[in-house]
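What follows is a set of structures to go through.
Shared between the two complexes below is subunit A, which pairs with subunit B and subunit C, respectively.
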Partner chain A sequence: MNRYSIFGTALHRLAILCYVVFALFPLFWLLKVSVTPNDLLYSEGVRMWPSRMSFEHFRFVLAHSAFPVFFRNSMIVAGATAVIVTLLASLSGYALSRFTFRGKYWLVALMLLTQMFPLVMLVAPIFKMLSPLGLTNSLTGLVVVYTAFNIPFATFLMQSFFDGIPKELEEAAKIDGATQFMAFRQIVLPLTLPGIAATLGFVFTAAWSELLFALMLISGNSAATFPVGLLTFVSKFSVDFGQMMAAGVLALIPACLFFLFIQRYLVQGLTAGAVKG
Partner chain B sequence: MVFDATAGFPESRRRSLVDRITRHAEPYLYTAPALILIVTIMLAPLVLGLSYAFRDVHLLNPFSGGYVGLDHFRTLYDDENFYRALRNTLWWTGASVFLQFVFGLVLALLLDRPFAGRAIAQALVFLPWAVPTFLTGLNWAWLFNPVIGPLPHWLYALGLMSEPANILSNPQLAMWGPIIANVWWGIPFFAITLLAALQAIPRDLYEAAAIDGAGAVRRFTSITLPFLAPTIAITVLLRTVWIANFADLIIVMTSGGPADRTQIVASYIFTQAFRALDFGYASAIALVLLILLLAYSMLIVMLRQVLMDRA
Partner chain C sequence: MASIDIRNVRKNFGIVSVLHGVDLAIKNGEFVVLVGPSGCGKSTLLRMIAGLEEVTEGEIRIDGMRVNERAPKDRDIAMVFQSYALYPHMNVAENMSYGLRIRKAAHEKITAAVSNAARKLELQPLLARRPKALSGGQRQRVAMGRAIVRQPKAFLFDEPLSNLDARLREQMRAEIKKLHRDLGATSIYVTHDQIEAMTLADRIVAMHEGVVQQVGSPLELYDRPANLFVAGFIGSPAMNFLSARYEVGAGTAGARLPDGTLIGLSSGYQLEEGAAVTLGIRPEHVEMSPASESSLRATVDLIEPTGFGIILHLGLHGLPFNVFTLDRAALTAGPTVTVAFPPQHLHLFDETGKRALESSLQKGKG
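Presenting the complex of A and B:
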C-alpha cells in the first residue's frame, strides 16, 4: 500500500513535469531566439542557448517601433472587454441558471448560433455598420465588438459555475428577507469567484490575441493593438524573427502577470468551504 | 377604523402586484444587456452577411451587389476544393478537440490533487493560453523549421525521419503542425474549465464515499464524472464548433498548403473573402458550414437532454 502510494506520487509529479516542459519549451525557444544575435541565429539554430547573448532586438523594439503604443492599446482593450463581459455574463448566466422564463430557449439558441457562425463573415458588415458611428479606428469600437463576441461563451461558462452552487443557500437568504438580487450579489457571486476568475482570464486573453477584426477595424498605428503590431513587423521587416520574438516576449509579460494573479482564485475551493460551514 | 381597513387592502394587493411584475421581469433584466449586444453586433451583421450568399458581392467592386440567386451554391456543388476542405475540417477538428480534451482532463485531475508547488505548476502549464494565437502559430512554425527549429533534428535523431525536414511542407504530415500547435495552445482551456468545475464538487462527498469503502475508480465514475458532465458537454460542444471555425493557426502556419492539404472550410472562406475578395461566394460557403455545425449542435443538445433525463 505504502509502496503503491509512493509510486503513484512519483508518477503524478512526473506527469506534471511533462506538462510543464511541454507548455514551456516553445516559450523558452521564443526567449532564446529573442536574445540570439542575428549573426548566430542560423549558425547556432538548434543550440539550447546561444554562445553569446544580446539584447539588440529588445532595444530596437522598444526604441524604434510603435510597440509601446500597441502594448498600451491592447491592455486597454483586453482589460475593458474582460471586465464588461464578466459583469454582463454573470447576470445573464445567473438568469439561465436560476430562472425559467419565456424565451429562455430562444436566448440559448441565439447564443449557440453566434458561436457557430465563422466570425470572418462578420468583418465586412460590422465594418459597414460601425463606420458611420465613428467606431472604426477606435479602441471603443474594438471593445464593443469583442464584448459582444465573448458574451455568449462567458454566459454559458458562468451558468455552469452557478449550476454547481446549491440553490438552498439563496433560498435560506430569501427566507431571511433578502431579494433574489441581494442573494445573488452577496452569497452566490462570492462563491463563484473561481469561475469569475476563469471567465476574466479567458476573455482577457481572447481579446488580447484577436487579430482579424483589429486588422479590419483599425488603420494606422495610434489605435493598433498588439497582434496588428506584430503583423506589421512581419510585413515591414520581412519576418525578422529576432525582433518579432523580442516583441512577443514583451507581449507575454502582462499575460504572465495576469495569470499569476488569476490562478490564485482558481486554487481556492470556496464552495466546499461554504457547504461545510 | 373602517377607513383604515379598506385602505389597507388595496395597498397590500398593489404591492404584491409590483412584486409579481418584478419577479417576472427579473430574468429579462439580467439578460437584457447581453441580449442587446448580441443582437446588434452579431445577429444584425450575420443576417446582412447571409444576404451576401445570394448576391454578387466583390469588396472592391462598387458595381457588384446584385442578386444572383443560387449561383454560388451551384458553383459550390461542383467545387472539389470545398469537399477537400470539408474532409480536412473533420480531421482538424476531431483530432484537435479529442487531444485537447483528453490532455486537459488529465491535467485538471492532476492539478486537483494538492502537492507542494501546485500554484507554480498550475500557473506554468496554463501559460500557453495567454500566448496570442498569431504568435503561437509563428512560434510552432519556427520550431518545425529545420533551419532554426529543433524538432526536425530531434525527429531525425529518433529515426522517425530520414532527414531533418519541415513537416509543414510535407503534404502527408502538414496537418499535424497546426494540430499540435492548437493542442499546445488549447489544453489550458479545457484544464481551467474542468479544474474550476472539479473544485466546485463538495469534498464531503469524497470523504463519505471513502468511508463507505468506494475505491478511487468508483469515486471518479460516481462522483467526479456526473458533476463534471454538464461542464464537459457544454465545453466540448462549444469548443468543437469554435475549432472548426478557427483558421488563425492554419493561415499563419501553412496558408492552407501544401497542395491545399491543410485547407479547412474556415480558411477557405477566409481565402475567398480576403484574397479573392469574393464575399458572395465566401458567404455561400459560410452558410453551408453554418448549417452543418447547426445540425451537429442540435445532435449534441438532444444527446445531452437524453442523458440528463435518464439521470
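Presenting the complex of A and C:
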C-alpha cells in the first residue's frame, strides 16, 4: 500500500465512523435516559452518562404499566403483517417478473398510484369501512390495513429480486422435468431467500413502528400497539421521559433480534455461479 | 433417442415474425448444427423444440408424436444453455441428479448415473462443489453432465462453448464430438461459429433472418453453397465476391469484370448473354500467378501470417479481396501481385444472390 491509498482508506473509514456515530447517537441517548434516575434527569445538565445508573424505569414499565400488552400486540400485528405481506408479495412479484398477462401495465400503474397518497387522507375512509365490519379496535383490522399498505412496495421489492434470478435456471429445471411451480419452489425460492428476508425485515419494521393508523383505529389499551402505548407516558402535565425511553429500549429488542435472525440471508452473493461469470 | 421433425414452423413475437416457415427432418442419432449470424432465430427454433417457446404455426414432432402442446418436462429432452444455468444452491452432484430426483428415480440408479457421467466428464473430484467454486470449463462440463445423466431422447445445445476461451473451446468441441460418438444421441447444436458447425455436424442447417438457407453436410456447404449468404458465411477467411457480366464467346464462357478483364468460366451455365452475376472465389483457391490475359493485378494492403499460412489483404480495383496461401514467398509480396481464378473453383450466383448457378459440369460432379 502506498501512502496515498493509506490516506484514502483512513479518510474512508473516518467518514463511515462519523456516519455511524451520527446514526447511532439518538439510540445511545435513548439508552442513557432510560437508565438515568428521575432525580438526576434534570439536575445533572447535559452529560454523556449519568453519575448513577438505575433500572427503576425498566422495572416500572414491565411490572406496573400496560407495556407488556402493547408489546404483545405489536408482536402479533407486525409478525402477522410481515408474514402475510411477504407471502403475497412473493407470489405477485414473481408473476410480475416472469409472466406477461393482460392488464399488467395497468396493474403496475395502479399499485404505484396507491403509493402516492399521503396516508392521512385515507384515515377517515378506512375507519368508515372497518367500523361496520367490526375491525376497528382489533388487531385483525390493523393487520388488514398494514398488509394492504405494504403489499405494493413489497411486491416491487420482491419483483426486483426475482428479476435478478436468471430465467434460464427455471427453464433448465423445467427441461429437467419440473413443473412451473416446482421450478419456483425448488430453484427460485431458495435463491430468493435474501430478498424474502429483506422484505420480511422491511415490512416488520414498518408495521412495528406505525403510529397513525394504530392511533386512529384503536381506542383503549387492550388492542393498542407499542407506538400508541408510548404516548401513554405523555400525560397532560408531564412527560415521563425515563419510562418512555425504557419502553423504547425494550421495543428495540425484537427488531434487533429479528434482523440478527435474517441477516445471514441478507448477505448477497447466493446466486453467484449460476451463469457464466 | 429419437427423430425430430419440424414442419413449416413459424414464430411470431407479437407482430414481429422471426421464423418464416422452417422445415427440417432430423434422423435418429444425427448431429445437426444450426448455424447463422446472431439474431437469425436459431435459439428461438431450439427453444421451440425444447418447449420453452410456443409454436406460432406449424408442427414439431419428436419420434413421430406431435409435441406442440407438451410441456418441456414431458418431452424428455435435455438442453445445455450458453450460460450453463447451473443451480447455484446445489453442488455438482445435486445439479446433475436434479432431473432424476424429481422424476423419483431409484436411489441406486441416480448414484450410478451420476458417477457414470462424472467419470465420462472427469468431474469426480468436483462432485461436492458448488457451481461458484468452478472454473468456466468445469461449469460447462457440469452442464453437459446434467444433460447426459437422464439419457434423454435428444440433446439440445445453445451455443454451449461461446463463453469459453479459444483453447478450451477447441478441447470441448472435440469432447462433445466424442460424447456424441459414444452415446449416439440425436443432437441439435446451435452456434454462430461456422468452424464449430463444420467440425461437429453430420448436417449443417444454415439460417439467415428466420429462413433456412441450405441444409447439407459440412463439405456440401463448403463446396457448393446454395446462395451468396451461405457462400459468405461458411469458410474463413470468407469467400471473395466480384460482380460481373456473363459472356459467351467462341466456344468459351466467361465473366466480364467492370474493368474489362474476362475471367474464364467452365462451360454449361444456363445464362443469357450479358446477365449480371456475382463471382465468388475462396481465398484459398485464388492462384498467385504470373501475369496473363485473364489474371488480375491487385495491390497488397496487408500481409497477415497465421503461422500455418498467410492471408494477403489485397485491393482489387479498390475493393477488398483476400488470398490465403501456404507459400511463404508471399510474405515478401508487393506492392502489387497478379492473381488468377481457376474456373473449377469459381462460384456463380445470380443477380439477387439468392441462387447459386451451376454449370452442367458441376452438376455432374455432385
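The definition used in the following text is that the second predicted complex is superposed on the first by the 247 of 277 C-alpha atoms of A that agree within 3 Å, B and C clash if a C-alpha of one lies under 4 Å from a C-alpha of the other, contacts with A are read in each partner's own complex, and residues count from 1 in each chain.
Keep in mind that, in the parts below, a contact is a pair of C-beta atoms (placed from the backbone, for glycine too) under 8 Å apart; a residue touches a chain by one contact, two chains touch by 3 or more.
Note that the structure is a prediction, hence the values are computed from the model and not measured.
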Overlay on subunit A: subunit C relative to subunit B, clash or fit: fit
Partner chain(s) touched by A:89 [first = subunit B, second = subunit C, both, neither]: first
Touching partner for A:178 - first (subunit B), second (subunit C), both, neither: second
Angle at subunit A between subunit B and subunit C, C-alpha centres, nearest 10 degrees: 70
Subunit B versus subunit C, judged by how many residues of subunit A each one touches: B
First (subunit B), second (subunit C), both or neither touched by A:68: neither
Which superposed partner A:190 touches (first subunit B, second subunit C, both, neither): second
Which of subunit B and subunit C A:129 touches, first, second, both or neither: first
Where subunit B and subunit C come nearest after superposition, their Cα distance in Å: 5
Set of subunit A residues, in rising order, touched by both subunit B and subunit C: 271-272, 275-276
Sites on subunit C touched by subunit A in the complex: 50-52, 71-73, 75, 77-79, 81, 83-89, 98-99, 102-103, 130-134, 136, 139, 146, 150, 163
Residues on subunit B engaged by subunit A in the complex (per definition of touch): 23-24, 26-28, 30-31, 33-35, 37-46, 48-49, 52, 59, 103, 106-107, 110-111, 113, 115, 118-119, 121-136, 138-140, 142-143, 147-150, 153, 184, 187-189, 192-193, 195-197, 199-204, 227, 230-231, 234, 238, 241-242, 245, 247-248, 266, 269-270, 273, 279, 282-283, 286, 289-290, 293-294, 297, 301
Interfacial residue positions of subunit A with respect to subunit C in the complex: 166, 168-169, 171-179, 182, 186-187, 190-191, 270-276
Subunit B contact footprint on subunit A (complex, rising order): 9, 12-13, 15-16, 19-20, 22-24, 26-27, 29-30, 33, 41-42, 45-46, 88-89, 91-92, 94-96, 99, 101, 104, 107, 110-126, 128-129, 144-145, 147-149, 151-153, 155-157, 160-161, 163-165, 180-181, 194-195, 198, 201-202, 205, 208-209, 211-212, 226-227, 230-231, 234, 241, 244-245, 248, 251-252, 255-256, 258-260, 263-264, 266-269, 271-272, 275-276
